[in-house]
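You will see chain A twice below: alongside chain B first, and alongside chain C after that.
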Partner chain A sequence: MTPVISASRLTKRYGKDTFALREASFTVESGRIVGLIGPNGAGKTTALKAILGLLPVEGELRVLGMDPAAERERLMEQVSFIADVAVLPRWIRVSEAIDYVEGVHPRFSRAKCQAFLARTEIKPIRRVRELSKGMVAQLHLALVMAIDARLLVLDEPTLGLDILYRKQFYESLLGDYFDADKTILVTTHQVEEIEHILSDVLFIRDGRIVLDATMDAIGERFVEVMVGREQREAAIALGPVNERTAFGKHVFLFDAADPSRLAGLGEQRRPGLADIFVATMSRPAAPAGASA
Partner chain B sequence: MNTFITLLKREYWENRAGFLWTPIIVAAVFLVLTLGALVLGSFGDNGGLTFNNIKFSAVLSNLGPEELADLGLGLDRALAAGSALLQVALYFVVLFYLLAALFDERRDRSVLFWKSLPVSDTLTVLAKAATALLVAPLMAWAVSVAAGLVFLVGLSAYVLAFGLSPMTAVWGPGAPVEVFAATLLSVPLSAVWALPMVGWMLLCSAFVANRPFWWAIGVPALTGLMLTWLGVLNVFRGAAEFYWPQLFLRLVAGVVPGSWMWFDSQASIDFDVTKDGAWSLLVQSAWALMANPSTWIGVVAGAILIWAAIMARRRRSE
Partner chain C sequence: MSSSWNDHTPIYIQLRQRVVAMILDQSLQHGDALPSVRQVSAEFQLNPITVSKAYQQLADEGIVEKRRGMGMYVLDGARQTLLARERQRFLTEEWPALTRRLALLGFDLAELIARTTKPEESA
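On to the complex of A and B.
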């Protein structure tokens, strides 16, 4: 089966030597939920815009077998996109937004959309500018979930929402939308909130993909060990990728270390994605693809 | 086709205030002023209101066939004047609509929503051009017809109050249907003439980073000032004389309905206003318009500008 997204050596250069993307290569398979995670300015949004055909980039890029820059219109019948809560036009009424999407999108189901909206406080007569930020996000999600698309791209979809709306957003997405035929690509700063729903992660740094792995592989690769002061030197000798201190202990993060050698050092646990992220981003820059 | 109609509806939803309510308010003001003046005028000492030098008091007593014809022409002119008022309002509505059409969506980032749906940039820009060229003028026309009918019905009630038959005094001599048909015909003709302005405004709206109004008016104005200055220095003599009426005015005021009649000296029409009605005026000037090469040069220029606006929208997403 052809991958949903195949990107090879994507490069976007601004000016002489400012790169938004630098030979970034990755593949997204169908039925996955992929987190594209990186610090501000790492190239996340540039990558998403390239995938959506909003920005021409160098390199080889196919989304659902199409060239996004050349076939945006046809591609968007199969791809949905939520940028963030602020992109719905403020003047539009809820009923007009539904009429509009129904009028232009062949795979939109009005009944589904209305069923989603019925669970919210949103009235059809309201204008977007009269809705709270959380309600705008609910409306946008209802419009998008009523579209039978193969790929959903989310760029900071819950930015500025309170915790209740954020939780509800991802619950709806998993419970009412996602299935084996669909693929979700999501960027967010709130790593902790999405790590339990992700199946794959892509870490991006300075326009390069620095980590490309499934969550299962990450669980096997990375180990956190709580080490007492007296064992610190021994732990450093094994080449940890990060060290921090907590509760008077040294917490070392190991990438693909030999489990038998870690055994004696101290208590082991599975690190959070956020810890792996911080460790990866604070490492000295590696050449492209070295850690993938 | 369904998509295109949805796009037109979307433009109407966003601009209901300009396309529908502005003409209705202007028409209402026109009706209140004219019908109000009629009623108030009839209480005056000097025999009340006149149409085309025919006093209504004279109408009451005696009318010959020539005076009836004059009265009819006067009524037609009143209708045309009402519709001209609407067209001035329409000009400003369409001007600001075009400047905002591809600019506001970038400023508020809603372009990311519009572009997340399977609608091409070409179709989007064409829908906006069609809205400016046809939808808004047709809505203004519909309002002008409704207002014209209200005006004539009000006038009928007025002459009836003086014991006169509305058929002989109002509906007989006037030719409202002809006026309405002429203003309807002028919509597609104006659209042909206005293409360069629509293209230019859409291009500015899609391309500039800020202040589309000043770019859209400023660039043509500065170009003209430069040509005028060069003319003063005896370089490019005559360029400015050609530029201001033929290019500048058309670029910034081309969407004024029927404006080809006053911009274009070549379309000078042998027209006797006392003999001919609104319809024949329009048909004559329509032929002159179609026969004028500058019309077709403008169509080509407008198409190129609209194409450039489509390219600009494709490139600039925020």
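On to the complex of A and C.
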């Protein structure tokens, strides 16, 4: 089966030596929920724009077998996108928004959309400007989930929402939308919030993909060990990817270390994605030789 | 914001343990359906693959069975199977640890038993 997205050496350069993407290569398979995670300015939005055909980039890019820049219109029949929650026009009524999407999108189901909305407080007669930020997000999600698209792209979908709406957002996505024939690509800063939802993770830094793994592989690769002072040198000798201190102990993060050698060092735990993210992003950057 | 998972064990194993606990305390009985993968995935905000893995493990252990197109059901004798296994685990793992702890604290086993209310009294 062909992947939903295959990107090879994507590069986007502004001016002479400012890179938004630098030879970024990755593949997204069908039926996966993939998190694209990176600090501000790492290239997340540039990558998404390229995937949606909104921005020409260098390199090879195929989305559902199509070239997004050249075949954008055909591609958009199969791809949905939620950027910021506030892009619906403020004057539009809920019912008009439904009419509009039905008019422009061949794969939109009015019945599905209305069924989603029936479970919220949102009335069809309301205008977008009368809705709370959380309700606008619900409306947006209802419109998008009613589109039978193969790829859903979410760019910071829960930004600025309170915890109840955030939880509801992902609950709807998993309970009413996602299935093995659909694929979701999501970027967010709320790593803790989505880490258990993801099947795969891509870390992006300075336009480069610095980690590309399934969540299963992450669980097997990374181990955190609490080490006492007297064992610190022994731990460093095993090549940890990060060290921090907590309660007077040294906490080392190991990537693909030999479990038998870690066994005697101290108490172990499975680090969260946020721990791995911080460790990956705080490592010294790759040598700048490529651009110097 | 999701359920409290510990960071020592993979989540699918913790999910399996929750189902096992529900069968042991009989809130899930033989013939009962497990909630669908989709339902659990949405409720606990987990990837469906994680939920499927937990269910698959229970199926491999002979605790639940998959009925085509209907989902997972608790098998007859599931509780007995689990009880036997849990009893064995108690004897080999928990009891030795507990006796060591009792000895450490200087308790006399007979004395403790005498202090314990007999279960018949509350029945």
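To be clear about the criterion, the second predicted complex is superposed on the first by the 286 of 292 C-alpha atoms of A that agree within 3 Å, B and C clash if a C-alpha of one lies under 4 Å from a C-alpha of the other, contacts with A are read in each partner's own complex, and residues count from 1 in each chain.
One rule holds for everything that comes next: a residue touches a chain if its C-beta (ideal position, glycine included) is under 8 Å from a C-beta of that chain, and two chains touch if they have at least 3 such contacts.
Just so it is clear, the structure is predicted and the values come from calculations on it, not from any experiment.
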Chain B and chain C placed together on chain A: clash or fit? fit
For A:Arg119, decide between first (touching chain B), second (touching chain C), both and neither. neither
| task | Considering only the touch criterion stated at the top, classify A:Arg72 as touching first (chain B), second (chain C), both, or neither. | result | first
**Message:** Quick check for you: in the superposed arrangement, does A:Glu193 touch first (chain B), second (chain C), both or neither?
**Reply:** second
* To do: Using the touch definition from the top, say if A:Gly272 reaches chain B (first), chain C (second), both or neither.
  => second
Just checking: does A:Arg166 make contact with chain B only, chain C only, both, or neither of them? Give me first, second, both or neither. second
Touch check for A:Gly219: first (chain B), second (chain C), both, or neither?
second
Task: Look at A:Val101 in the shared chain and tell me whether it touches chain B only, chain C only, both, or neither; answer first, second, both or neither.
output: first
Min C-alpha distance chain B to chain C after superposition on A, in Å, is 25
Residue set of chain C touching chain A in the complex reads 1-2, 5, 7-11, 38-39, 41-50
The chain A residues in contact with chain B across the complex are 49, 52, 54-55, 72-77, 80-83, 86-93, 96, 99-101, 103-106, 140
The residues of chain B that touch chain A in their complex are 2-3, 5-7, 9-10, 13-14, 105, 108-110, 112-120, 317
Per the touch rule, the chain A residues reaching chain C in their complex are 33, 163, 166-167, 170-172, 174-176, 178, 180, 192-193, 196-199, 215, 219, 268-272
